[in-house]
Every structure is written in C-alpha cells, then in structure tokens.
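Chain IDs A, B, C, D and E follow the sequence of writing; residue 1 opens each chain.
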Amino acid sequence: MVPPEYYLVLSAAIFCIGLFGILTRRNALYFLMSAELMLNAAVINLVAFSFQWGNLTGQTFALFVIALAAAEVAVGIGIVLVLYRNFGDVDVLNAATMRW
Amino acid sequence: MTDTDGSDRASAALAVTALFAVLATMALGAAEAFPDPTGFPADVSIVHNIGYALFDIGLGEIPVEGFLAAFLIIALALDVALDAAIYLAKREDEGSIVSALTDGGREVVAGDVAEREPTDEGGDR
Amino acid sequence: MSLVLQGTATDWAFSVRALLPVVLLALTGLVVFGINSLRPDGRDNKLLALTSIAGTLSALGVAIWYLLAGTGQPTHGGAISLFSGAIIVDGLGLFFTAIFASVATLVIAASYDYFESDANPASFYSLLLLATTAMGLMAVSNSLVTVFVSLEMASLPSYALVAYLKDNRGSVEAGLKYFLIGAVSSAVLAFGISLVYAATGSLLLPEVAAQIGSVGDLNGVLGVGVVMVAGGVAFKTASVPFHFWAPEAYEGAPAPVSAFLSSASKAAGFAVGFRVFATGFQPALDIGIDWGLLFGLLAVVTMVLGNFAAATQTEVKRMLAYSSIGHAGYALIGLAAITAGASATNATVMGAAMAHLFVYGFMNTGAFLFIAMVERWGVGRTFEDYAGLAERAPMASLAMAVFMFSLAGLPLFGGFLSKYVLFLGAINAGFWWLAAVGAVTSALSLFYYSRVVKALWLESPTTDLDAVGDVPTGLYAAVIVAGVVTVLLLPGFGPVIETAEAAAAALFA
Amino acid sequence: MILEALLAVTFAAALLVFAAPDEYAPKLAFGLSLLPIAGSLYLWSAFESGGNALTGGEIAFNTVVPWLEVAGYQLQWYVGLDGISLPLVILTTFLTSLAIVSAWTPIDERQSQFYGLMLLMEANLIGVFTALDFFLWFVFWEAVLVPMYFLIGIWGGPRRKYAAIKFFVYTNIASLVMFIGFMMLVIGLPVNSFGLPEITQSLAAGELGNFFWLPADTLALVAFAAMFIGFAVKVPVVPVHTWLPDAHVEAPTPVSVMLAGVLLKMGTYALLRFNYTMLPEQAQYFAVPIAIIAVVSVIYGAMLALAQEDLKRIVAYSSVSSMGYVLLGLVAFTEFGLGGATFQMIAHGLISGLMFMAVGVIYNATHTRLVGDMSGLADRMPIAVWILVAGAFAYMGLPLMAGFAGEFFIFVGSFGSTVLPYAPVFTAVAMFGIVIVAGYLLRAMQGTLFGPFNLETDYELDRAPIHDVAPLVALLAAIIVLGVVPSLFFDMIRDATVPLLELLGGGAP
Amino acid sequence: MVSASAYVPAIVLLPFVSFIVALFGRENLPKRGAYGGIAATAGSLLLSLWVLVSVRNGAAFQETYYTWATGAGAQDWTLTFGALIDPLSVLMLVIVSLVAMLVHIFSLGYMNDEDERDLPRYYAGLGLFTASMLGFVIADNLLMAFMFFELVGLCSYLLIGFHFREPGPPSAAKKAFLVTRFGDYFFLVGVVAVFTTFGTAAFAGAESFPALAEAALNGEATVWTPGGLEVSTWFTIVGLLILGGVIGKSAQFPLHTWLPDAMEGPTPVSALIHAATMVAAGVYLVARMYGFYVLSPTTMAIIAFVGGFTALFAATMGVVKRELKQVLAYSTISQYGYMMLALGSGGYVAAVFHLTTHAFFKALLFLGAGSVIIAMHHNEDMWDMGGLKDKLPVTYWTFLAGSLALAGIFPFAGFWSKDEILYEALIHGLDEPLILGAYVMGLLAVPVTAFYTFRMVFLTFHGEPRSSLARDPHPVRWNVKGPLSVLGILAVVTGGINLVPVQKVLNIEGIDYLHLWLDNHWGGIEGLSSHHYAELDPYSSQYLFGGEVPTVLAGAAASLGLAIGGLALAWVLYNVADPDEHTDKLGGLKELLYNNYYQDEFQVWVADNTQSVAGGADTFDQGVIDGVVNGVSSVSLLSSERIRRIQSGVVSNYALLLTLGLTTLLVVFGLIGGWF
C-alpha cells in the first residue's frame, strides 16, 4: 500500500515544478503549459484522497477540474493569439508597458 | 525563446524550493495521521457510480456528494469559455476593428500598431 | 403570496423558482448570444443593450423582492438548499446577487455608448451577462465544488472582457497579466481545495465544518489548504499578495469592464470568502488555524498598499485602481474581525462589510463610468488633463465629486456611513487597531481623492475642452443614477445594513 | 418640528441659490439667509432654559425619530437645543447673512456656487449645534468640511489649494482619532443607542465596563485623550494649530469670517459637550496638562501675532490666542469658567468676524494686507477705519464690549478653581495675553491706519461702499449690546453649564 | 427733599449724550460740537454741586442701578453697576466737572479759533472722556471702577492721537495706551483676586471687601487664599496688584514714561486729562479703597516710598526741559508722587487736599501754557519766548498765581497741601525708615520744584523777547482768559478749605473744613471716614521738639524756606534780560536728565526684544511645527512613491512576489498554528 503522504509530496512536487515553469519561462505558451501542470497536481491529490476516504467526490471533482483546465487553456490561447497580433511575439517581458 | 536571465532564475528557484519545502514538511508531518485507506468495494463499477454522482441519482453504493449543480454550471462555463476564445481568436476580415477608443495603455493611432513610448521613469510625483 | 418554497430538493420547478435571479441572468446571456447568432452581421446595438438591461433589471427586481419577502431568511423557514446541498439560497446570496445585478445594469447602460462604434457588441454583452450569472452562482454555492466551478466560470469571460479591445496594446497586455495571475491563482485554489478534501474527506461546506473537529494531526494539511483557499479568495478580491494583476487590469481594460471587475467580481470574491470561511472554516479557528489573523494581516497590508500607492499616481484611472485595492482592504475587515463563537459581533462586522460592498459597488462603478465618459470625450488621462472639467460638464463633475468624497468616507453621501459602521463593527469586535489603520488610510485617501476634485473643480482648464459636452445618453444616465443612489444611501442606509446584518447573522446561526 | 424646518429651509435656500443665475445670486442669497435668522430669533423667543441637555435637563424643541439600527445600537434623528447650543445657532445665522453681504464686493465669479456653498455650510453648522445623536452629529461635523474646502479652494488667494487640502486632511485625521476614541467609550457602556444624553447619564451613573482588555478607568482616560486630540485640532490649540493661518490667509474675506466666527467654535463646543460633560473626572485628571496647553496657546499665539506682517495672519493668530482663553475657562470647571468660556465663544465669533470683515473692506480698496505697504488710511476711509479701531479695542477686551465680558468671566471663574491646581498662577499668566494683544493690534493699526497717507499699490482710495460698511456696523452694534447686557446670553448659558458642576462637585471655594 | 440718587446717573449720562450727539451730528453742530460739550459739562457741574449740598445735609448713599451679570452655585457673585455718593466722591465729582467745563470753554479758543479740522471727533472724545471719568468717580465697586478706568484709558488714546495725520501723536497714543495697559493688567488680576477672595468687590457697606478684609485679619471671617497663603501676605499681594494699575494710570515711577509723550495731544486735552482728572484716577482709587490698603503696612510703606522717589526723580528731570509743556508734564508726575507719599504715610486727608489744589493750579498752568502757545503760534520752546509779561497780562498774572501755588509759597494753595503732606510724612515716618526716606526725598524735591517752576516763569514772561513771535504775540480772546481767571482765583483760595497749621498753632477749632468733611462730620457712609482709617492705621505718630505745634511750625518753616531758596536761585539765574543755558554747567548730568535717565530707551529696547522673540517664535512655528506637519505629508508621499515602484510591469515578477507572499503566509501561520 502506498502511504497517502507520498501522494501529497508528489502533488506538491508537481505543483512546484509548474510554478517554477511560470516564474522562469518568457514564452506565454509555456505559461499555459505550466498552469496546466499545476492544475494536474491538484487532480492527483483529489484522486488519491478519494481512494483514501472511500468516496467518489474527489474523483468526480477531478473530472471537473480537468474540464476547466481545458477551458482555461482555450481562453489562454485566445489571449496569446491577440498578444501576438499586437506585440509581434509572445514574449511576456515585452508586455510591460504599464507599470508603477 | 530564451528564459529569463540568470539572476531571476536563481530567485525563482529559491522561492519554489522554499514552497516545496513547506508543502513537503506539511505532508510528512501528517504522515501517520492518516487512517488506513477505506478503498472501494471490489465488485462495484466506479464508472457507474461516477455517472450516478454526476446526475445526483442516489443509486450508487459508494458514498458521494451530488454534482448535478456543478454539472449544470460547467456546461455554461465551457460555453462561455468557448465564446471568449472564439471572440479573441476571430480576425475581423475587413481590416482591424477601428479602435473604439483611446483606451487601455496609451493613445493608439487608428489602424496600425503605434510604437508606445514607455512611460517616463519618474512620473511627476 | 408568501414565498415559502417547498418541495424536494431536485424538484426542477422549485429550484428554478428559488434560483430565479441567477436563472434570469443566464437566460438573458443566452438570448443575447442567440440574437447575435441569428443575425451575425447585424449591428443592432440598441436591441442587445435593451435586452441585457431588461434581463439584469428583472434579476435585480426579483432579488430585491425575494429579500423583502424574506425568502431564505430564518424568519421564513431558513435557507433553501438545492442540488443536495451544493447550492443554498439565503439572505447572503440574494444580497450579493442584488449587488451584481445593479452593477451589471449600470455597466451595460454605459457600454451601450462606449461600444457604439464596435463591430458586433453582442459578444461583449453575452460575456458580461454570463460572467454576472457566474458571480450569482458563486454567491449561492454552498460546496467547494460549486465555488470552484462558478469562480472559474466568472474568471474566464473576465479575461476576455479585459482584453476586449483586441488591437489596443494596453487592453491586451492587461488581459494577459490578468489571465496569467488568474491561472496561477485558480491552480492555487484548486490545490487548496484538494488539501481541504484530503484533510476532511468532503467538499460540502457543512460537512467540512463537521469534519474539522476530528481532523487531529491533519491540521497541518487543513491549515495549508485553508491558506491556499484564502489565496484564491484574495485573487478574486484583489487583496495583497494576489493583487498584482489589479492595477494593470483596471487601467488597461475598457472603463466599463474595469468598473465591472472592481465592483462586481470583487464583491463576488467576498461573497465566496464570507460563505466559505463563515460556514466552512469557522471551527478551524479553535484548532490553531487562525485565519482571522491572516485576513487581519491581509487587510492591513492591502489598505496600506492600496492607499499609499494611489497617493502619488499621475493618472486618474490607475489611481482609482489602487483605491479599489484599498477598499478591498476595508471590506477584508469584515472577515478579519470574525472571532470563534461570538456570533453577535461577527454578524455586525460582516453585515457592515457587506453593506459597505453594496455602497462601494455604486460609488466605484460611478467613478469608473465617469472616466469612461471622459475618455469618450477624448480628454487625456492625467490629473492635469482633467483640469477645469467642471465648467464644461458640471453635472457629471458634481457626480464625480460625490463619488470621490463618498469613497473617502465624507458625510452627506453613502460612503460615509458604510465605512464608519464598518469601523464601529471592528471596534465592537475588539479589533480597534484594524479600525485605526482603516481610519489613517482613509484620511490619506481623502488626500488623493480630493486631488481629483481639485482638478475638476478648483483648477482652471488648461486645454480647450471643446469635445466635451455632447452628452452620451446611456453613459451619462448611468453616472447620474449611480450618483443619486450614492447620495440616497446616506438616509436610506437603514434597510441595507439591516438586511445585510440579518443575512450575516443567519450565516453564523 | 421647528429645528427640522430651520434645517430644511437653509438646505432649500442653498439649492435654490445653486440654481440661480450668477448676477441674482448675491441678493437672493442674502434674502434667503434672513429666513434662518428669523427662525433662530423665534427659537430664542420661544426658549425657556431648563438645565443642560445632556445631564438630564429639559431639552427644548427636541424630536427623536429612529433612523437605522446597527450592531445593536439604534441610530436616530435626535435634535434639540439647550442653553449652550442656542446662542451658537443664533451666532451662526447672524454671521452667515452678514458674511454673505460682505461677499458682494470681493466675489465676482461663480457667485451662485459661492453663495450656495455658504448656505450649505450654514445648514451643516446649525446641524452640528442641534444634533444630539452621535452619528447624526458626526455627519454634520464632517459635512462642514466639504463646502469649506471648496470655498477656500476655488475663491482663495495664491496658495489656496495647499491651504485647502491641508485644512481638509488635517481636520479629517483629527476627527477620525476622535471617532475611534468615542466608539471605544460607547462600546464599553451598556447603552443601546448613540444618543448623547443617554451616554452622559450612563457614564455619570458609572456604568462604564471595560473594553475587552482595557479596564474601565484607563478606557475612560484613553477615550478622553483621543477625543481631546480630535477636538483640539478644530479649536485650534497650539501644537496642532498650523492649519489655521494658512486657511485664513488664503480664504476670501467672507469665508474667513465664517471660519473664525463659527468653525472654531465647533471645536470648543464639542470639547464642552463631550469631554467636559461626559468625562468630568478624567477632565480633572488631565487638568494641569490642558491648562498648560491653554496658557501656551494664549501667550504663544499672541507672540506669533506680534511677528506677522499680514493683517489677516495677525487676526488669525489672535484667534488661536483667544481660543486659549476658552480652553482655560473649560479646564477650570467652575460656574463662571464654563459660562465664560461659552460666552467667549459667542463674543470671539462676533469680534473676529468684525475684524476680518474690516480687514477685508480695506483689502477691497487697497488690494494689499501687508502692514508695511500702507499707512494713514484713516483720512481716506474714515468709517471703515474707525470701525476697525473699535473692533481692535473690542478684541483687546475693552470693557462694555463683548470681549471683556467673556474674558472677565473666564478669569474670575478660573482664578479660584479647586479643580485646577495652581489655578491662580495659570490665570495670571494667561491674563498677560491682554497686554500682548494690545501690543500687536496697536502696532498693526498704527502702522496701517495712522500717520501720513501713502500706499504702495497706488489704488484710488475713497470711502467704502455702504453695503460693505453696513455689516460692520451691525456687528459692532451686536458686540456693544452683548458687552453692556451680557445676561442676554449669559443667563441662558449659565443655566446650562451649572448642572455640569454637580457631576464633579467642583466649583470655587 | 427729592433724593439725589435719581439724578446721579444723569451726571454721567449728560456728557455721554454730548458724545453721541457729536459723534452722529458731524459737521452741522453749533461750533461743531463745542456748545453741546459745554452745556453737558455745565449741567454735570450744577448737578454735582446740588448733590454736594445734599451730601452736606447728610444724604450720602450707595445705590445699585443695573446688574451686569450674576453667577450661580459656588460662585454666585453679582456683578453690578451702581453709585457710591459720599464726601470723597462728591468732592471729586465737583472737581472733575468743573475742570471739564473750563477746558471745554478753553477749547473754543484753542481749537475753534485756530479752526482745526475734525472738531466733532474732538468734542466727542472729550464728552466720552468726561462721562467715563465721572462714571469712574461714582463707581461703587472695583469691577465698575476697572471698567471706567479702561474706558478713560481708551479716551486718552483717542485724544492724544487726535492729530493722527502727523507721525508723532499716533505713536505717543500707542505708547500711552500700552504702558497704562501694562499697569491695568495687574489691576485686572487684582480685581479678579478680590472677587475670588471676598466674593464681592463693593467699596462700601458691611459686606464691602475692606470690611471683610478687616474681619478676616482679626479672625472673625474666613476668606479664600490661594494655596493656603497666609491672609495678611495675600492682602499685601492683592494691594500691590491693584497698585500696579494705579502706578500705570497716575504715571508713577516705573510706568511714567508715557505722560511726557502724551503732550503730543492738544493742550486742553493735556490740561483736562493729563493734569486734573485721569492721572488723578489712580490716587482717587487708592483713596476710595483706603480701608483695604490701611490693613497692610508693607503696602503703605511701598506706596509712600514710590511716591517720594517719583516726586524727587521727576522734579530733577523737569529742570532741564526746553518745552513749556514738558516741564509741566514732569511737574505733574512729581506732584502725584507727593500724593502717593501722603497716602502711603497715612495722610489720607492731606492726599485728597493736595489732589484738589493740584487739580486747580495744574489745570491753570496748562491752560496758561495753552494761551502762551496760541500766542506763540504753537511754538513751545521756552528759549524762543521771553518778555510776554506785558503783552499777555491776564495770562501772566494767573500763570504766576499757579506757579506760586505749585512751588508751595506761603499764602497759595500749594503751600498748605504740600506742607500738610510733608508734616504727615514726618510725624508718621520717625519710626518707619521707608517713610522717613520718602519724607527726605519729598523735602529735597521742594526746592527743585520751586527752581524749575520759576525758571519756566522767568524764561517765558520775563526778560527780552527772544524771537519775532515773542515780539508781537497773537492776542487771545475771552474764552481763554475766562477759565484762566477762574482757575487763578481758585489756585489762591483753595488753601483756605484746610488751614490745619493755623488751626493747630492758633488752635482755632473748626477751620479745617476738609478734615471734617472727610471725617463724615456732616454725614457719610459708615466705615469710609478718615477717623475709621486712622484707627486701622498701623503708624503711631511721634513729634519733634517736644510737641505737635513746634513740629508743625518747624515743618512749615523748612518747606517754605526751601521753596523760597529755590525761587531765589531761579530768580538769580534766569530773571535777567537775556538769560543763557545755565543748565549746561551740569554737563554730563544734564545729558542724563535730558534723556530721562534713558527710561524711554530702556522701554524701546524691551519692546524690540519682545518683537525679536516674537520673530523667533514665528520662525520656530513655521519651521518646526509646520515642518512636522509637512514632514508627515512628504514622508507619506515618499513612501507611496516607493510602494508604487513594486508594480514593475513584468508578469513573472508578479508571479514571483505572489509565490513569496504565499510561502511567507504559510510559514507564518504554520508556526503560529503549530501545523508542522
């Protein structure tokens, strides 16, 4: 039997890797992928503990999270597209005209 | 597409590892607090139960909370996301939309993408 | 007919009637979408606007009618829970739905003029209406599932709305930033919910509350979960440290959208915050997860950062962005001053925060719509460009002065009483230092709010404001209506605070 | 009902004048301002004094209408008059209409807005003096700032914006500090409404519990100190007075008449109503420090006036000095002390109003206020100059004029006070102020009015127009009448202040 | 017998009516206000005489007319206006109204004939002054006295500054008001102290504060004293406080510098205000509350010493002056020093006697100087005069009578009153060092007074005319000569009302009318009589050379001898055809005297210092206190500038800060909650 805390550590690791992706990547698309990764970390947790607690709430909710991740990426792509049309490339650092 | 320069990567790495450390200690701290997993009865089809849960039909053996409300909402949500994505992606064919207003960042000359002069450093206090 | 709604939870007719305001909003959104798909190239802006306003106004009417009739109040058979506990229609839900509907009405009325020259505004109206529906759902959701889903449903269209001006670099940049931080925050929220699930094994708020007692050594997991959920709420309400998107988003987005975001979606964030923390996590206070102090800390930092950063802004819209962050700090006092057990003071301070959000909704929307009108006239964005505007547009400038002084908390307008009752609530709950920080920052806010009034009324015009004067009907009406309501909310504050307090009390019962 | 009518009439007048065209505004405003005077005179005739409103005395013309209920406290529309507030209401109405007449010459642009704001301020001031519910009072208290901000900001002198914002934020911070102090006090009490009489009587009955961790007596001290700081800024008292000279110098004449004449009295009125009626023991505890502040205000204020070159700054600083006397009268806490302090408020209101108007009339002709720029005006503008001389002597406390009556009552009251240790020393030192006052006023008059005629700003000088001189004569007459027959107001005031002494059993030997 | 109390207020109100008429009548009044003034003062004089007669028939009374304000609770004092008519006040009433009327008539000549501008304002000022002075005289309590005391100060300010168009008079008026105001400050503290101590400020009656003080001293009553101070020391302090006001108004030593500058005002004003009435107010006040002063010996000694010193001090300064009115001003200060000496040494009747005689001959001298000034077309320098004797005979003879009275030569009024003062000072001073010192100074001042008086007479009237003006002076009309002659007769005759030495030496009873008058012989208010004061008087009187009569004779001889000596010296030095500046012989001392011992410079120095201190306070106020306020605002704006910078515009920074924020929150609340 895999003790449940390992799942916690695993999902935390994936969560942090996704976060690291967001902090360092300049390309907006990488942003999307990393965000996707972070959401999946949550999914792992949910499914693991659905089994732990013996009720299906976690798993069904996981489905919903996955669906929403997809929706998010859809909108994300839309935004990246518009970004490209306006700034010529998808580098996140160029889009810094407004500050202070 | 290169990544952010060296110094940012270091601070980002530091921040992320710190967060991971916190989460890991949290997880390991709760190591023996978990009772042994109750698991699911072997003879039951989990997929059916998920189906019942989705439509909040009480026939399933495995305890689960009703997701009907969430199901209806996500329907609307996905539709909205679709609209948003399409709107953003849509390219108005006969020339770009005349900029409604000088809104957003700075004055934009209608039509082409004017080069924006970055706001000066100080801004009068 | 007393609206004591009976019938089984999943009886469709019953739940539709219970959720009527939200359903109406959803229907109008779809109807608008339908009209657009029927005549894709038709530019019938007036028809779309009118249907949308009809929808939001009817939702507002129904919400107020339900509140007055006492639906979901303890006096009339308590809260109505639907879909096996996932949705709960009670005073809090209806109160916030009323806020969203009124803000949406004003914003739509303003956008009718704002997007006059836009190719097909239909998508704007539908996105806006569906976002409002999502917020309505957030206010009535009683399970972390419905919270997360409706929160996402509200955020997605908002990203698109912020980036609505597709070829304006400011709007796009704002959209991008809002999206990226939004994505991260929703991930944090999801992870938080998963941890809460890990610790308690359930996602329905009442069950979570019940389970918390027996969490034992898992309080670490639960604690991190609670903090991350708080982070999700902080993102929606634009409080520190999840506020970084707000200044650019409010400044970059088209003014009606900024108004919508800074009033409605902030209130929705608070609705979720109040419900989740009051019903779900209140027992957590006893086992070492002191989220009251957490929100206290967030409130102080948000108030300080919001007001201090706004003091030296050169552009009015960005100043208003920071000021709305500041006001998020004031509303956070409602959450921060909650103490375990004592339900009387909790009800007061949360009710005061809700009332403040209601009044803030009008003042803030009015202020942003005034900026929309000024942008429509082609006047610049800095304080100097606003100089002497009162001579050319006295009524609108008077309304703006009302909004500014009301946001600063000066009497003769609604903002005064809502802010001071909030401070009274905080002191009543023993958190006098929160009220002290609030008082000092609101005094500082008086400084930069009066900079706007000084520019409008005291300065003499530098540029020749000839474009000013052609009165955009919808926008003008929205600003004036917001102004009148803000003024009336001083004498008329009674019913607002009383319903809010009753709703909050029901929450803690 | 009469008080509501008075307030309603004044508000209506303000709105009417706002709407009136600029050229009719001055005459219309003056005409309308006669109505409040008639109202206050009627109040005076129908008033029979019945002790202090707060300590259970019978309140004249009082009406109580519940407004809203929050946090278990009942906020209400609670207005009433007693011996202390009636003279101040009469002073307000009398001074406002004279200020309006004196504004006919100097104010030559945006007149309707000017007179509208003046009448609005008058309405708020009447509100401050008649309100007996804390929140209602606080609404009027803060509402006075808004019109004053605009009046200074729009029609002021060169540095008007700085002066306006400094005045605005400074007094606002002060009243916030006071608000928090008072809230903590009220929450410590078992009262369920903010009515000042209820609070006073419950404090007198010693029902003050402790506020969370603050024991009752330290709570009372903290509340007293917070309220004192809040009101001291308004008085103003020395360390916190620096907003006054800037506000006075930059404000146009009629506005500085109102500022000196009535707005300063709000601070001392509030000190008497809150600090010295509700918390007499604490007043005794703080007697020595406050007495030191009072004496320093008198001497330091007078010394500052000695060093000024601008006539208006001289009169402004001398207001600081005279308000020091009022504070001395309050801190002595004897019959003549309290009665004299209240009477001095009225006297100083009239006299400083006269001085400012006279300086204004001279400024209208010479367009300069610097003592060095002009001399020998007496033979060019005899009437205005001799009234200024009479006003200066009234300021110095010449007998048979209101100033002497006020000051003498304070001195004779505070000399033998048992409440204030070393009272004779404090009084004697404060009385030296009358010599310094004589010093700088005579120095200024001799510099400008007498000696051979010459004027740096070579304007053609001739007699002041009749409508400038008329208010001066009216004010001088009022000062002399009050000087010769002080019992017109003093009996009424004495009946209202004597009951305060039973609270403490204080008073002279 | 219609009671006098109904008419007493009329005495005060008549001149007040003339003030109102002159104020509002402006130009179209007969003689531009003069006749109104004369009629009013004449009316007051007649009424005063009528009241004198009724008091002579025993109708002295104390009546309250109007309650100004009433206290309640522990401070239930009533502040009232009322009249106290007794021998002392009636005497003063007559003096004031008489001199006022004569001055009004004189003003016809001095002001109207010289056709000055703004005359209605002049007569209004005179009217208001006379009304306030009469009000002060009849005052029955200390507060009412203080009020009219201040009003009189105001009128002197207005009248000194009458010619406000030239630079001189306004600054003189300002100085006069400020110096007297400084004195009045102490007086006001005294008034407040009396009220707090006794609860009343009434002069007369069983409940009056002198009576209460007397009772308190011998233990029958208890009175409030600040901080448990011993009763007698507290009474001394109160006495000295009120004395401050007296010294200010009667131009005694430290606060006398304003009187010589007050000569800037028109001469009738100097005559009325700065000779006869206002300056006498201080002395009259001490006399009025003599019952209180007598109780504390230290105060009496101080009064005496100040009086004596001022007498000598002022007389020395009078010697070197060049203008006619300056000499008279210093002589006034000196004469009032004598009166204070008398009051201080227990000579109550002597002081009043000298007050009366001095009022007449000093008014005479001033009016005489006025007519000389008219003649000399307003040139006051004595060294341009000379030989006016035969051109202005009436002026000369009346001026001579006045000078003889001032110097204290035998038959004239001045001799009797000054001699009695010195006598009282001598007999009471033998075992009191302070009073003896005062007596010696007073005695030394006699020859100096005689010297400067006759130096003035000889320079002005005798010898050869030294300037063209002096050769053909401008003739004066009846309205100048009339008052002069009346006052001339009075200066000669008034000595007769109190021939004490004659009565003592030839023991003819009953001719010392003033003693009897002030001793309530013909009725008066109990407790306000000279014998009552004598009982309380702390001094015992010793006599030289065995008995009372030898002391009287010795004193009279000494003072007369010294006076004649002074006169002779002046005669020798100045009664020559073409006298020269003998005072140059004094060399450095002349410089010192001419500059009045540099008193003025000292007071100007004090004024400048306060000005610079005020300047320092102002810079401190602007710099520090205002600095703090602006500092707070700039600090907050600076910090707001810093906080603004956090929003760097780059999304990854936001994400980074967000993660850091989240981690810190987790760590902080983890530790607080004990999660790990």
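Structure notes:
The definition used in the following text is that a contact is a pair of C-beta atoms (placed from the backbone, for glycine too) under 8 Å apart; a residue touches a chain by one contact, two chains touch by 3 or more.
Please read all numbers here as calculations on a predicted model, not as lab measurements.
In summary, the chains found to touch both chain A and chain D are C, E. Relative to chain D, the chain whose mean Cα position lies farthest away is A. Among the other chains, E has the CA centre that is most remote from the centre of chain B.
Core chain by CA centroid proximity to the global CA centroid: D.
Remark: chain A and chain C have CA centroids separated by 26 Å (rounded to whole angstrom).
Between the Cα centres of chain A and chain E there is a gap of 98 Å. A separation of 79 Å divides the Cα centre of chain C from that of chain E.
Work out the mean CA point of chain A and of chain B, and you get 6 Å between them.
Counting partner chains per residue, chain C shows two or more touched chains at residues 145, 149, 152, 156, 159-160, 163, 166-170, 172-174, 176-177, 180, 184, 188, 202-203, 220-221, 223-224, 247-248, 252, 312, 444, 447.
Listed for chain A are residues 4, 8, 15, 19, 22-24, 26, 52-53, 55, 57, 61, 64, 68, 71-72, 75, 78-79, 82, 86, 92-93, 95-100, each touching two or more other chains. Contact of a single residue of chain B with at least two other chains is seen at positions 4, 8, 12, 15-16, 19, 22-23, 25-27, 29-30, 34, 65, 67, 70, 74, 77, 81, 84-85, 87-88, 105-106, 113, 116, 123, 125.
Inter-chain contacts, as defined above, occur between A-B, A-C, A-E, B-C, B-E, C-D, C-E, D-E. Across the complex, chain D is touched by residues 67-77, 143, 146-148, 150-151, 154, 161, 164-167, 169-171, 174, 177-178, 181-182, 185, 188-189, 191-193, 195-197, 224, 226-227, 607, 610-611, 613-615, 617-618, 621, 625-626, 629, 633 of chain E. Residues 633, 636-637, 639-641, 643-644, 646-647, 649, 651, 654-655, 657-658, 660-662, 665-666, 669-670, 672-676 of chain E are the ones touching chain C in the complex.
Listed in rising order, the residues of chain C touching chain B in the complex are 10, 26, 33, 82-87, 114-115, 117-119, 123, 126-127, 130-131, 133-134, 137, 141, 143, 145-146, 149-150, 152-153, 156-157, 159-160, 163, 165-174, 202-204, 207, 216-218, 220-221, 223-224, 252-255, 312, 314, 375-376, 378. Residues of chain B touching chain E in their complex: 4, 8, 11-12, 15-16, 18-19, 22, 25-26, 29, 125.
Residues 176-177, 180-181, 184-185, 188, 219-220, 223-224, 227-228, 230-231, 240-242, 244-245, 247-248, 287-291, 293-294, 297, 304-305, 308-313, 444, 447 of chain C are the ones that touch chain E when the two sit in their complex.
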